[in-house]
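Following: one structure in C-alpha cells, then a few remarks.
As written, the chain order gives the labels A, B, C and D, with residue 1 at the start of each chain.
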Amino acid sequence: MELSKVRRYRKRHKLIAALFSQSPVLIIGLNLPFLIATSVSLRSAAALSLELLVVHMGTMAVALLAARYCPRVVRPVINVATSTLLMMVARLWLTVFFRGVVDALGIYIYLMAVNGMTLTQTNALTKDSHPLPVLRGAFLNVAGFSVLMFVISFFREYLGSGTLWGNPVAVFLRLPGVLVPFFGFIVVGFLLAGAKVLNKKLLGLALRERALREARFSIIENDVVL
Amino acid sequence: MPMFSKGIVLSQHKEPAFSKPVVRFVHPQTDSLKLDLKQIAVQTEQDAIIELARLARIVDERDGKLLYRKLRRSQGKAKIIIADAVDDEPYVSSRIGPLLQMGEEVADGLELCCTVAGCQEKRIMVYKMITDLETRISHSIQKIKVMRVRGGYPAYQQKRLSHLGDMPRLVVGVGALIHLARAVYQQKQQSTVFLTVAGNCVACPMNLEVSLGMTVMQVLERCGLTQQPTRVVCGGSMTGVSILDTENTLITHTTRAILAVRENQRDAHYTCIGCGRCEQVCPSGLNPMYIHRLVQTNYYAGLPLFDPQFCIGCGTCSYICPSKLEVATSVATAKAYALGQVPGGEEEDEAPEAGAASPSPAPSEPEPNPSREQSPDIPSLPEEEDDAQDDDLLKDLPNAE
Amino acid sequence: MENSFLLFISTAIVALAVENAVLARGLGTDNRSLFVKGPRSGLLMGGIFAWIIVWSAFPVSLTNYLLKGSPYVTVVRAPIYLASILMVYTLTSVLGTRHLKNRQLAEEIKQALPVATFNSALFSAFFLSASQNFFFSQTLGYALGSAVGYTAAIFIIYYARKRLAISAVPRAFRGLPILLIYLGLLSLALYGLIGHNLPT
Amino acid sequence: MQLKQYPAPHIRMSQTTRGVMADAIAALSFLYAMAFYYHGPRSLVLGLFSVFVCLLCDILCSAISKKRYNLRDFSAVVTGMILPLMMPASVEYRIVAVAGIFAIVVAKVPFGGVGHNVFNPAAAGFSFAAICFEDALFTYPPADLKLPLWQTAEFTLATSPAFVLQLGGTPGYDSMSMLLGKYPGPMGATNILVLIACLIYLVSRGTVRWSMPVSFFATVAVLAFAFPRSAAGGLASVGFELATGLLLFGGIFLLGDPVTTPKREMSKVAFGITSGVMVMLFRHFGNMEEGITFALLLMNAAVWGFDMVGERIARWMRRKKLGTLEGEKIPKKA
C-alpha cells in the first residue's frame, strides 16, 4: 500500500469516494430498502432524496445536542421522535410538489422516519463529536444516497416503464420485471460489487477501512461456522 | 439406499506380468546370507519357528509388521491362518503370481504358522474380480482351500468372509509365508521381496524377486524401458507413491510394484460440477466433494460434520471424478487435519481449481529412504514397536467387524 | 369468533409467506439484521421483533378503530404508531435490562433491542395493516406473521451465507453483494407465486 | 529422465465432465429435432442464437474477472439449449437473449461460475423472461405450423392445455396427440415420448440419477390424483398434470442438473418429493401459467439444508457402524 498513491487518490477522487465508492450506503448497506423497493422512477428518487435530506440533517442536529446533554438510554427515543416529526413535515411539504409520487410511494414515505442511515449515525454520535464534520459527513451521505437513487431509478425507469421523469422515451425493449423489487436487490448487489472493485482498483483497502471506521461498522465476510 | 458402496470394479491389467515365471534378480552377497542356528536355545517347536522368523528378519509385506511379532501374538490364539494373495489394484500381481508358482513354499509356510498357532484351519484368499487372466486360479492349491474375495476395489472393505464369523485369525502375506518356509527349511535370511514391474514404458513386464536395497533404477533396467516414463510409481497403481529420484530410491519390504508410465499431458482443469459420483463410490460413505470444497476454500471449521478421519486412502474418489480433480489429496489433508497431524489452512489458494497444493496422501508403504550409503546387504527393518499396541487379532483382518 | 380466528390465521400466513417484508418488499434489509452471528442471536432478534410488534399491535389497532373516517388520519397516524412502538420499546428496555436474572441474556437483549425495534419491517407492518383497513384480529395476525416471516428471512440469510462460504464467489461479490443477489433471486421465485398485486 | 510428482491414484476413469455435458446436449438435440419437425428451421435458429448469447456472456464475464475460460465445459451451451425449448417457437429473439443474459450474468457468474451456482441458471432466466413477457411466453403457435424465420405477428397464437388447466377447465386433446405433442405448447416440452426417451437415455448413461425424477413425478402424480384441478377426475388429471406445461421437461433437465441438486441418495429422494409438492402448490395458487421454474428456484435455495441433513444422517449411520477412532480431535476454526 503506497501512501503516495493514497494521497493522490484522496486529492483527486475525494468526491467520487464520498458520493459513490465510499458512501456508507454502498459500503455497509444503509437505507437499502429504499434503494431496492422505491427506486423505480426519477420523481420518487427526487422526493425520497429531499425527504432524507430534511430528516437526516435535522435529526443529526438534534442528536448532536442529545448526545451532549442526554443520558444514553433516552437518546434513541429522542432521535426517533425527532425523525418522525421531521418526516411528517417533509411529507406535508412533498405533497405540494410530488403529489402523485407521494401517493405511489405509500408507506415508504413514512418509513423514512426509521431509515438505517439516521439511526446508525445518530447512535454513533458521542459526547465529544464535533458538529461541523459530523454535519458535513451527514450531508455527503445524503448526497451519496441521492446519487445512487438517481442512478438506479434512471436505469429502472428507462428499462421498466420506458419513461424518463414521466415523459415517454423510445426504448429498445421494455422489461416490466425491472420494476419489481427483486430486480432492485440484484441491481444494488451489482452496484456494491462495483464499488468494491473500484475501491480495490484505486487504492486497495485503506480508504475502505477508513470509511468503515467512520461508520463504526465492520463488514462480516464468511465468518460463519458450519 | 446403501450408504457404504461395494466399491468400483476396475479393469485389472495383470497380464502379461502375471503369467510369466517369477524371475530372480538378486544381489549375490545378500542371497547367500545364512542364519547361524547356534543362537537358538528354545524348548518348543513353536518358539523355534518364532525365533527363526525373528532371526531371518521376515517382514509381512501386507502391513509392514515383523512376522515374529504377529506369530507370537497369535500363538495358541488364532483358530485359522489365512494366506493373503488379494491383489485388487490393477497391474499388481506380486502376491498371486508367486502363490501360483511357489505353491509348495506357501503351503509349508502356512503349515508352520498353523504349528505356531496350534490350529488346523488354513485358507488362501485371492481376489475374484480378475477377468483378464490367462491361467485360471484353481479352487485348491496344494490341497488348501482358496477363498475368493468378490466385489470391487478396495477389496478389504468387502464383507465376503462373514461365514468365518469373528473367529480369531492370522492373516499373513504370501511373500512372508514363502520367506518363513525358506528360513525354517533352508536357514535363509529374508533378503528378497516379490514385486511386479509393469507400465506402458516397461519392455517386458514381469514379476521379479528382487534383493532388498536395490534401487528402482536397477529394477527398471532389468526389465528394460521402451520409452522415457513421465511418472514412476513405487507401489500399487491406486495407492502408490510417484517417486522422483529412481537412482536413490531403494526397494523396501513393502514395495509391491514398480510402475513406469508415460502419459500425455493431464486433461484440462475442469471445476467440480457436483455430480456426486465420489460420494456414491466412497467405501467409507464419506462425501469427498464437500470435503474437497472445504479444503480448497480453506474452510476447515466445517470438517467435523464430514468425518474425514474415516478415509482409508483408497483413492476411488479421484479415480471416478469426471473433472479429474485431486479429491483424494484434499480428503487426505482433511484427514490429517481432523486427526491433528497438520495445522489446518496450510495452502492459501482460494481457487477451487488449484489442485495438488497439499501433501500427498498417507501411502500404504513407508516412504522410500534415499540413503545411498546404506550397505545393500542389510535390509532396512521397520522401526521397533512394542507388542502392547494393537495386539488384538481382529485388527489386521479383511473385514474388521 | 372462529371467523375472526380464521382471519387471524389467513392474514398471518399472508404476511409470513406471500408478503414477506424482507423477500417481497426488501424491507428490513439492514446489514445488522442481515448478518446475525448464529441461530441463537437470530432467534433472539426474531423474538424481540415479535414481542415489540405484538404488544404494540394493541394500541395501533385501537388507534385505527378510533381514527376511522377522521380527515387527519394520514397526519396523525404515523406519530401515534411510533409513539406506541416507542412506549413498548422503553418498557421492554427497562424491564429486560433491569429485572432479568440472566445477565448475559439481558446484555444480548440490550444489544439487539434497537436493531430489532427501529426497523422498517416492523413499522411497515402497521402501515400496511392500516392501509388495508384491517380489524384487530387481522392486525394482530399480520403483526405476528411479519415477525415469523422476519425470523424466517434472518435464518434464510444465515444459511445462505453458510452455503456461499464454501463456493468460489468472486472477491468483488463476497459478503453483502452476493447475499443481495441471492435474496433477489429468492424474491423473484416468490414473485411467481404472488404476482403483481402488492399493497403499498 | 525427468519425472513429475503425481498424487495417487495413478489411473483415472475415462469419462470427463465434457462427456457428462455432451450427454445432456445429445438428449436436448433430440428435442430440437422434434421441434424442427413441427415448427421448421426457426426452432434451430432460436437454439443457436441462445447458445451464442450464453457463451458470449460467459466468455465476457470470465474475461472481466480475468479467469481463463475453459471452452471444454459445455455448461453454458446446455443452458443456452434449454432456454428456447421452454418457450414457444414463435418467441422473439430478443426475449431469448434477455433470458440468456439474465441466466448467465445474474444467476451463474456472481456465484462463482459452473459448479458453484446456487440457482439453476436456465430456471432463473426463464423466470425473469416469464415475468417480463408473460403474454408473449405463454401463447403458443398451433402444433405442426411451420414458422418463418423473422416476423411471427400474423399468426393466431393459441393457449396451451396448461392454461386451460389453470382456469379449471379440461383440455380437449386426446391422449395420442398429447403423447406425440400435437398441441400448442412450449417448443421442446410437448412431445412426451421423446422426453421419456431422453430420461431413459440420461439415466442409462448415469448422467441423471433415477431417484430424483422418479420421486418427483410420483409426488406430482399423487397430488394430481388427490387434488385434481380439472373436472375430468383423478386419473385424467394425473395425465394432464404430467403431460402439460414444462413439468416433464423441467423434471428431466432442470431437476437433473447435478450442480443445483443434493448429492446423497436420500437427500435426492427427499428433494424430489418436496419439489413435487412445491410445484403443485405453485400450480394451484400461483398466478403464472407455469410455476415449475419458480418452485425450482425456491427449492434450489434449500439444497444446502437437504445436503446437511443427509450428512448428519450419514454421519450417524457411519458412527454407528464404524464407531469413533482414537486420536480423533474436534478441529478448531481455521
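As a working rule, contacts are C-beta pairs under 8 Å (C-beta built on N, C-alpha and C of every residue); 3 or more make two chains touch, one makes a residue touch a chain.
Please read all numbers here as calculations on a predicted model, not as lab measurements.
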item: Pair joined by more contacting C-beta pairs (C-D or B-C); value: C-D
item: Core chain by centroid distance, with centroids computed from Cα atoms only; value: D
item: Interchain centroid distance [CA atoms averaged], subunit C/subunit D, Å; value: 34
item: Mean-CA-position distance for subunit C and subunit B (Å); value: 62
item: Distance from the mean Cα position of subunit D to that of subunit B, given in whole angstrom; value: 45
item: For subunit D, residues that touch 2 or more chains besides their own; value: 106, 110, 113, 116, 128, 131, 308, 333
item: Where subunit A touches two or more other chains, by residue; value: 180, 186, 189-190, 193, 222, 225-226
item: Touching two or more other chains - residues of subunit C; value: 162, 164-165, 167-168, 170, 173, 177-178, 181, 184-185, 188, 191
item: Residues on subunit C engaged by subunit D in the complex (per definition of touch); value: 156, 159-160, 162-164, 167-170, 173, 177-178, 181-182, 184-186, 188-196
item: Subunit A - residues contacting subunit D, complex; value: 172-173, 175-178, 180, 186, 189-190, 193, 225-226
item: Subunit D - residues contacting subunit A, complex; value: 94, 98, 106, 110, 128, 131-132, 308, 333
item: Of subunit A, residues touching subunit C in the complex; value: 28-30, 32-33, 36-37, 73, 76-77, 80-81, 84-85, 87-88, 92, 104-108, 110-111, 113-116, 119, 123, 180-186, 188-190, 192-194, 196-197, 200, 217, 219-222, 224-226
item: Subunit B to subunit C touching residues, read off their complex; value: 271, 290, 293-294, 297, 299, 302, 350-352
